[in-house]
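What follows is one structure encoded as structure tokens, with my remarks underneath.
A, B, C and D are the chain letters, set down in written order, and residue numbers restart from 1 in every chain.
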């Protein structure tokens, strides 16, 4: 019933360090891209509209990540996102990245907050966006 | 008695996003620079020696970060590092970034693992490096 | 007759600076992605095979770029690549990025060299790769 | 008589690619840092004042770079900047990066334009900034 937002990203040369594996700050760029894709493709509030006319942004308040196994140049990673908590202005997502064989590469939870970008103070999520996010609310999380 | 490793970093144009504040993946680059500085300046195992002749690396296994307040272009941030746990091949650090007025910008704990970079499998920290790390072991953490 | 290699890239939040336009070092990451796509999709020598079993790389020797107009968050840019010169180990490409309306954002020429990654010394391009590159040789350039 | 603006930058882990050398888009971040240092340390117009109260920026219009030799993890590079041309709103600098032994790693010329960041249209350089830039004008260039 509850949906999962899912897409893929190729491990690029720019992502890899001298050891030939993804440099972990680059994973957070891939994560930010995923959030951006979710807002554009699933929540109908693309970042250009949000940051432009909306004068809003969604900075990260907390993040906890476990890097399970390294990823290598050329691999196609699958990213999955579920909503764990949905507040008035903040929301928490659970994200995993998996390798081509389905093995977990990383698992994380991230709490983001909708803010007014002039003052960087919290503001309520637009009702339509909050409602769309609800479709991705993890059933087991909701019961807690 | 236990030491704190501390240095500063300027918020650069390259770090800032369209909202004029540090884009959080860039904080993790600043964090990686801090770890690199610690190895070179305090542990006498610079990354070029580690990754070169040492065939070793210290990838991140886990990270948990709380972003307390935004940082802006031009600010000089102070980074502090303490060791919370010191294993045979893994070690956990606690790091904080503070603004020019001493206010906290972020707080994190990070667990890194010393690995053989060919196989990306754990290997013991060199004895001298492990001993040098011990000087930064947080007294309160050590008692737990 | 001569082909053009072409694909698109979305301007992401991570690409944009405090002025809300693409930060120019990020354009060079987009350029590197394009070269990587060309090798994988058109030349049948993906970067993971090149850098792995091939012990080869294609670092940049020269680049000259004109930034014609700024690009903004959310825009879909079209990238086009043509070969201008094809040597034994080096090759020169001409690349342009255009906005959604077809207006030029940047134009550049880049000379890359195939090298042995252990010594970082030139080595001949594999015959099949060089032949595949030939299909993208700009007719007007070839006559010069 | 004409001055050279000069400082150093350490090659960091974050700068290096899978071949263990500086990934060239990272050089352009180092270049942007140099320009930023010059504005803060020599021209008395730090980027935070420029982009903040000044509502101005200095995007790059053209860049031409020759990468002469690779740079490796841990090396301390020396960056030098000279002014080649000084217009009303645009200015051209010549920059070189050298290795620890003084050998050239890259040489480039870059033309930047002072713009109003709201409209991204040219605006005159502040008189004091333009005058300070004049001290770095290369004598041989000035005679051309």
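Convention: contacts are C-beta pairs under 8 Å (C-beta built on N, C-alpha and C of every residue); 3 or more make two chains touch, one makes a residue touch a chain.
Here the structure is a predicted model, which is why all the values come from computation and not from measurement.
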item: Target chain D, source chain A, minimum contact steps; value: 1
item: C-D against B-D, pair bridged by the larger set of C-beta contacts; value: C-D
item: Chain C-chain D separation of Cα centroids, rounded to whole Å; value: 24
item: Separation of chain B from chain C, taking each centre as the mean of its C-alpha atoms, in whole Å; value: 35
item: Distance from the mean Cα position of chain D to that of chain B, given in whole angstrom; value: 29
item: Where chain A touches two or more other chains at once, by residue number; value: 13-14, 18, 20, 23, 25, 29, 32, 51, 73
item: Of chain D, residues touching chain B in the complex; value: 12-14, 20, 29, 32-33, 36, 40, 46-49, 51-52, 72-75
item: Partner chain C, residues of chain D touching it in the complex; value: 18-19, 21, 23-26, 28-29, 31-32, 51, 57, 59-67, 70, 117, 120
item: Sites on chain A touched by chain D in the complex; value: 13-14, 16-18, 20, 23, 25, 73
